[in-house]
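Below you'll find a set of structures to go through.
You will see two complexes here that share chain A, one where it goes with chain B and one where it goes with chain C.
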Partner chain A sequence: MKTKKKGFFYHLYKYRVFLLMLLPGVAYTLLFHYYPMTGIVLAFKKYTYAGGIWGSKWNGVDNFKFFFKSGQALRVIRNTVLYNMLFIVVGTVFQIAVAVFLTEIKSRRFRKIAQSCMFLPHFISWVIVGVMAFNIFSSDFGIINRLITSLGGKKIPFYTKPSAWPGILLFFNIWKGIGYGSVMYLAAIMGVDTEVYESAAIDGANVFQRIFFVTIPAIMPTVIILFLLSIGGIFRGNFDMFSNLVGSNGLLYGYTDVIDTLAFRALMTSNDFGMSSAIGFMQSVMCFITVVSANKLVSLYDRDYTLF
Partner chain B sequence: MKKSIRKLAALILALALGMALLTGCTGDGKQDESKALETTAKADSGEKEDADTKADEGQSEEQPAGSDLPEETITMYLLGNKGDNFDEAYGKINEILKEKINTTVNVQWIGWGEGNKYSLLFSSGEDFEMIFTASQWGNYENTVALGGFAELTEEMLQKYAPDVWEQWPAEAWQQAKINGKIYMIPANYVEVNQDVVAIRGDLMKKYGYDNIDSYDKLLSFYEDCYKDGMYGNSVGAASVYWLMFEHLGMYAMGGTPCQGQLVLYNCKDPKDLSYTYVLEWQPFIDYCHKMKELADAGCWPSDVLNTTSERQDGLVSGRGATMVWNAGSCQIYANQANAEHPDWEINLYNIMPECKYRATRYVNGGVGFNAASKKLDRALMVYNEFATNPEIQNLAQLGIEGVNYINVGDGTYKSTGNDFGGGSFWGWRNMNIMLKTYYENPTPVDLKVEELDKFFKENLYETHLLDSFTFNTEPVATQVAAVDAVQSTYFDPLINGLVEDVDATIEEFKAALDYAGMQDILAELQKQIDEYKAAN
Partner chain C sequence: MKSSAKTASKNKITGADVIALNIIAYAFCALIALVCLIPFVMVVSGSLSSERAITENGFSILPQEFSTEAYKTVFKDPWVVVRAYATTICLTIVGTFTGLIIQTMTAYVLTRKTFGWRRYFSFFFYFTMLFSGGLVPTYVLYTNTLKLTNNYLALLLPLVFGVYNLLVMKSYIQGIPDSLIDAAKMDGCGEFRILFQIVMPLVKPALATIGLFTALAYWNDWNSAMLYIRDEKMYPLQYFLYQQVNNIEGYKKLIASNLVSGDVISAVSLPTQTLKLALTCVVTGPIVLAFPIAQRYFVQGITIGAVKG
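Right, the complex of A and B next:
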C-alpha cells in the first residue's frame, strides 16, 4: 500500500463531481451574500442618485444619528429583542412538542392530516394574516367582539389596548411557524436509533420516560444549533408581521414598535438610502456580536454543539 | 450504466444552476456599462449642446421641423394603470409627434400601490426621460434632494419648450423653484380643491338640520348621528382636522414634516409671514379635546387607526353619515350612493361659507426630467407638445373623440359613458385649452358642485407669499427623519381623539418632538422664510 500524500490536483480530480455540485452554492453565496456587503459603505455616505453607491460623498456617522435622536431607540431595541426571545423560546417549545406528539401518534393518516394542517399557515402571507386579525379583533365586525356583544358583554377595544398585543403577536407567530419549524425536529427524531427505544421499553420505560430520557436528549444538538441560528436574527424585527398586524396605529407602538418599523416610518417619506443602510448595518453588527458570544457560551458547555 | 446516467444528470443540473447565476452576473455587468455610458454622455454634453445650437440655428426661431431631427424615443412614467383604449389614443399622439418632432413616446406605469418604485427608478439607473411629479404627494422635494431631477434653466425652457415658457404664469415657475432652481415643469392648472362634506339628507331631516354650514354644526351632527347608532364619519377625524385649521384661515406649510400638518401659516393676511407650530396653538389643543369627546361618544369606530376603509366607504355602505373630501370626489360617491339609495338624498355642504378659499398650487402636478437622461432637449419638446397642442391634450386626457367623449362645442365635452382610463394626465394640464365637463342631466349634486366651484373661485384669498414657499428639508434631514419616526406615535391618536389624557399626551408629544429636533427644524424654517422673503 502506498502512503504517499496525494497532491491538490489529485483531490480536485477525485472529488470533481462533488466540487461541481458545490459550485452553485458557493457562487450563490458569493454573489448574493458577499458581493452586496460592499453596499455597507452607503451607511456612511450622503446618498444621491447622481453619485450612486460609490460616487456619493462620505458623511461620517450622520446617517446613524436620526435613530437615536428619535428618542425611541431604547424602546424599539428592547421590543425587538424581547419579542424575538419570546418567539424563539416559546416557538421552540411548541415545535418540539408538536414533533414529539406526531411521532408518538400511531395512526399514519391522522399524522399526515395534522401535519398538513399545521404546515398550511406557513404559506399565508402576513398581509392576509393582518386582514384576518382585523376581522377577529375589530370593534364592530370582529368575531370576538360580536360574540361578546351577542352574549350581552362589553366590547374589548383591542386596537386601543396596547397590552393585549404581545399575546396576539405571539399567537400569530407561533401559529404561522409551528408546522414549518417542527419539520426539523421531526427529522431529528426520525434519526434516533430505534434500538434505544426498544431497550428502553424492555427496561420498562413508559411513554413520558421515553420522551424525556430518550427523545429529548437525542435531539438536543439539533435544538441548540437551531437556537443559535435564530439568535443570529435577534435584532431584526419581522417587519412584515409587525407592519401588517399593527399598521400605523400609534397607540400600540409602546408595545409593538420594533427597529424595522421605526426605520420604515422615519424614512418612508424621505427615501434616504444612507439612513436605511445605517439601520441595517447597525442591526447586522449587533446580531453578529450576539451570535458569536452565544456560540462561545455554548462551547463552554459542550464543543460539539457549537456552530463554528 | 444507470449510475453514469445519474451522474450525467447531476452534472447537467449543476451546470444549469451555474449558468443561471452567471446570467445574473451579466445583468449586473450591463448596468455598470450603462452607467459608464451615462458618464461619457455627461462628459460629452458640452459638445452635444454645441451641436444642438447648430441644429437650432439651421431652423427658424419657431418649432423645429420633424424631418430635420433624428428619430428618438422618449420614455415617460405616469401614475396609475393603462386604460382600455390607451394604446389607440397614444398611437394617435405618436403620429402627431412623429410628424412634428420625429419622436415616439413610450409610456410606462407606476401603479397606485407601487409608491416605492419611484425612488427605485432613479437608484437603479433605469433609462427614462420624463416622470410625473408633484410637490408633497408626488415625490418632488425628496427626489430633488437626492439629485434625481435635472435642473431646468430658463434658456433650456425658452429654447425647447417655447410655448410653455410663454403661456405659463410666472407664479408657476416660482413655485417650482427649490433653492432658486427649477426642477419640474408644473402643469398650468389650478383649482380650488377645497374639502367639502357629503351628508345624508334623510338624516339631516331626521335630526332637524336644514343646512350644515359651520364646523360646529357638523360636529353636533356627528353627535346626533351616534345617538342613533350611526357613525358620523367612519374613517375618523383625520379629514376633519384639515377643515378645523382651514376654517380658521390657516394652511399647511409646504414641505414641512407630517405633510405640513404640524406647521401652519396664516392665509388671511398676506403680510403675515410667521408660522404657527400647532402644538403651541390653542385651537389645536381645543380640537384635540373636542375630538376626544366625540370619539368617546362613539362618532367613529375605536379601531379607525387600523382600518383599511377609504373615505367614501362609510357613506356608500350606509355605516357613516358623511364623508369629507374635495368636491370632485364627493360628487362621484354622492351620485353613486344616491343612485343606489335615492331615499338618502345625499348632497354636498360647504361648512366654511364665511371663509375665503385657497387655490391649489401649480406644483400640485407636473413633470420632472431624469438627471441621467441624455435626451433632455427632446423630452422638453415632447412636453411642449403635450401641454400646448390641444389635439394631444384632449387625446391624453379624454381619449378618442366619438368613442370616449363628444365635443359639444363652447369648450365643453360630454362623456359617452365609456370613459377613457388614461392614467395621470395631470402633469401637463393646461387650463387655457382643456375642455370642460358638460352635464346633460345634472343631478342636484352636480348642480351643487358647479355652484360651489363658482363660489370658491369668486372668493379666493389674495396671493400669499408663502403659498409658493417649499421648505427644503435637506439641511435638517436627520431631524426630519427623527420627527417622522416620532410623529405617528402621538399625532394620529391625538387628532382622532383616541388618547386617554389629551393634555398629558400633547406635553409628551411636544417633548418627544423637541428631543427629535423640532426646534432645529423650526429655526431652519425661519431662516429659509427670511431668505425667501429677501429674494422675493
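Right, the complex of A and C next:
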C-alpha cells in the first residue's frame, strides 16, 4: 500500500471529472450566495449606484442608528418572533391532530379525499390567498361581514382594524400549511410498531389512552426535531404571506410589519439602501445564531437529523 | 395470541371509546378539509356571479345570479393573459430542466466515496443554509453588478438551484448500491455515462419529486418579478395577477383600450370584483388540475427531505 501523501495537484487531476460536474453548482453558489455575503458590508456604507458594493463610502453605524431611532426596529423584531412562535406552536398542534385523526379513519376513500383537500392550499401562490382573504374579510363584500349583518350585528372593518390580524394571519398560515405539515407526522405514526398498540389494548387501554400514551410519545422525536428546526428560522418573516395579505396597508403595520416586509419597503419604496441593509445584516446574524443553536440542540437529541 | 387478537377485534367493533374516537376523527378531518376547500369554492362561485349581486350582497359560497360576464371580460383582451402564461410556462420548463441537471450532477458527486473532497464541498453548499447576505446585497448583485433588470434571467436564476433539493437527491442516490456503480466503472463507463445512464433512471421518483418542487416554485413565484421586472410585457403569471388585482381599475382601462376598434366600451361598465376572481381562476386552473398527480410525489419528497442524506 502506498502511504505517501499525494499533493493537491495530483488530486485536482484525479478528481477532474467530479470537479467538472460540480462546476455549475459551485459557480452558482459562489456568485449568488457567497458573493452577496460579502455585500453585508453595505450595512456600514452609504450606498450609491455608481459605487456599488465596493466603491460606496463607509459611514460607520449610521444606518443602524437610523433604524433604531425610527422606532421600527423593536416593533418588527417583536412581531416577527411572536408571529413565528404562534405559527409554530398552533401549527404543530393542528398538524399532529390531523395526522392522528387521519390514521384513525378506516375508510380509505374518505382519508384520501380529506388529505387531498388539505393539501390543495399548498399548491397556490400567496397572491391567490390574498384574493381569498379579501373574499372572506372585506368590510363591504366579505362573507363574514355578510353573516354578521344578516344576524343583525355590526360590520367589523377588518382591513382597518389591526388587532384582528394576528388571528387572520394565523388562520391562513395554518390553512396553507396543514396538509404539507401533517405528512411528516403521518409518516412517523405509520412507523410505530403495531405490536405496541396490540399490547396496549391487551393491557386494557382505551383508544384515547392509546393515542396519548403510545402514539404521541412515539412520534415525539419527530415533533421535537421539526420544532427545533423551525425555531432556527424564528427571525425570518414570511414575506410572501405578509405582503399579500396585508399589502401596503399602513394602518395595520403596528400588528403586521415584520423584518422582511420592512426591509423590502425600505429598499423598494423609499430607496433607503442603508436602512434596509442594516435590517438585513441584523436579520442574517440573528438567523445564523438561531439556526446554528437549533442544529446543535438537534444534534444533542439525534445526530441523524442535523446538517453537520 | 389467539385470544389477544380476539379481544382486539372485539374492542374494535363494540368499544364505546372506539365509536367516540371515530366520530371525533371523521368530524375533525371533514371540518378541516371543508375549511381548506371553501375559499376555492368561493373564488369560483364569485367569478360566476353577476357583478350586481356581489356589490349588493357580498361574496357567498354558491354563485348568485349565474353569469359568465367576468370571464368574457377577461377574454376580451386575452393576449395579456396569454403572454403572462407563456412567460411562466417557458420559465418553468427551462428552469426545472436546468435545475434538475445541475442538482443531480452535484448530488451525485457529493455521494461518491471515491471523491475525497466531498466533505469540504458538502459544507460549502450547506453553509448557505445558515448564512445569507440578505435582500439588499442580492438586489444589488442582480440590478447593479449583473445588470439583469428587465431580463428573464432575473426570474430564472433565483430558483434554479436549491440546497434542500440537493439533500433530497443525495439521499435517493445513496440508496443505489455502490457495487452497481463500481461494476459499471469496471466495464469502462465514464462518470457522466454512469450518471446519465445508470443513476438517473434509478432515481426517477426523485427527479419527479424535485422537478415538481421546482416547477411549483417557478409557477408561484412573483417576488423576483416584483424586484427585477419593470416592463409589464414581461410579467410572469402570478405577478401579473398581483398587479391586476391590486390595480383593477387599471386593468379595466387596459382591456377597454386594447379592444378592436368598433367595439367601443367604457372601462366603467366592466365588472370589478367578479373580474378579479375570474382572473384568479384563469391563473389558478392548471395548478389545481395538475394537483392530483403532483401530490403523491410531494408526499415522498417531504418525508425524505427531512431525513438528511
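Here are some notes:
In this text, the second predicted complex is superposed on the first by the 206 of 308 C-alpha atoms of A that agree within 3 Å, B and C clash if a C-alpha of one lies under 4 Å from a C-alpha of the other, contacts with A are read in each partner's own complex, and residues count from 1 in each chain.
Going forward, a contact is a pair of C-beta atoms (placed from the backbone, for glycine too) under 8 Å apart; a residue touches a chain by one contact, two chains touch by 3 or more.
Not measured: the values here are computed from a predicted model.
Contacts of A:Phe158 after superposition on the shared chain: chain B is touched, whereas chain C is not.
In the overlay built on the shared chain, the residue A:Tyr49 is in contact with chain B and with chain C.
Applying the stated contact rule after C-alpha superposition, one finds that A:Asp140 touches each of chain B and chain C.
Number of chain A residues touched is higher for C, counting chain B against chain C.
By the touch criterion defined above, A:Ile113 reaches chain C but does not reach chain B. Once the two complexes are laid over each other on the shared chain, residue contacts for A:Gly247 go to chain B and to chain C alike.
Legend: residue contacts after superposition of the two complexes on their common chain; A:Tyr15 is shown touching chain C, with no touch to chain B.
In the superposition on chain A, A:Met268 contacts both chain B and chain C. In the superposition on chain A, chain A positions 17, 21, 24, 28, 31, 47, 49, 52, 131, 138, 140, 247, 263, 267-268, 273 are in contact with chain B in one complex as well as with chain C in the other. Of all the residues in chain C, the ones that touch chain A in their complex are 4, 7-8, 11, 15, 17-18, 20-22, 24-26, 28-30, 32-37, 39-40, 42-43, 46, 54-55, 57-61, 102-103, 105-106, 108-109, 112, 115-117, 121, 123-126, 128-141, 144-145, 157-158, 160-161, 166, 190-192, 195, 216, 219-223, 226-227, 238-239, 241-242, 245-246, 273, 276-277, 280, 283-284, 287-288, 291-292, 294-295, 298-299, 302-303, 306-308. Contacts from chain A toward chain C in the complex involve residues 11, 15, 17-18, 21-22, 24-26, 28-29, 31-40, 42, 47, 49, 52-53, 94, 97-98, 101-102, 104-106, 110-111, 113-114, 116-132, 135-136, 138, 140-143, 145-146, 175, 178-180, 183-184, 187, 198, 201-202, 206-208, 211, 225-226, 239-240, 244, 247, 260, 263-264, 267-268, 273, 276-277, 280-281, 283-284, 287-288, 291-292, 304-308.
Residue ranges on chain B touching chain A, taken from their complex, read 7, 10-11, 14-15, 17-18, 21-22, 24-25, 35, 118-119, 122-123, 125, 139, 142-143, 145-148, 257, 301-303, 305-308, 371-372, 473, 477-482, 484-486, 488-493, 498-499, 512, 515-517. Within the complex formed with chain B, the residues of chain A that make contact are 17, 20-21, 23-24, 27-28, 31, 47-52, 62, 65-67, 69-72, 131, 134, 137-140, 157-160, 246-251, 253, 257, 262-263, 265-273, 275.
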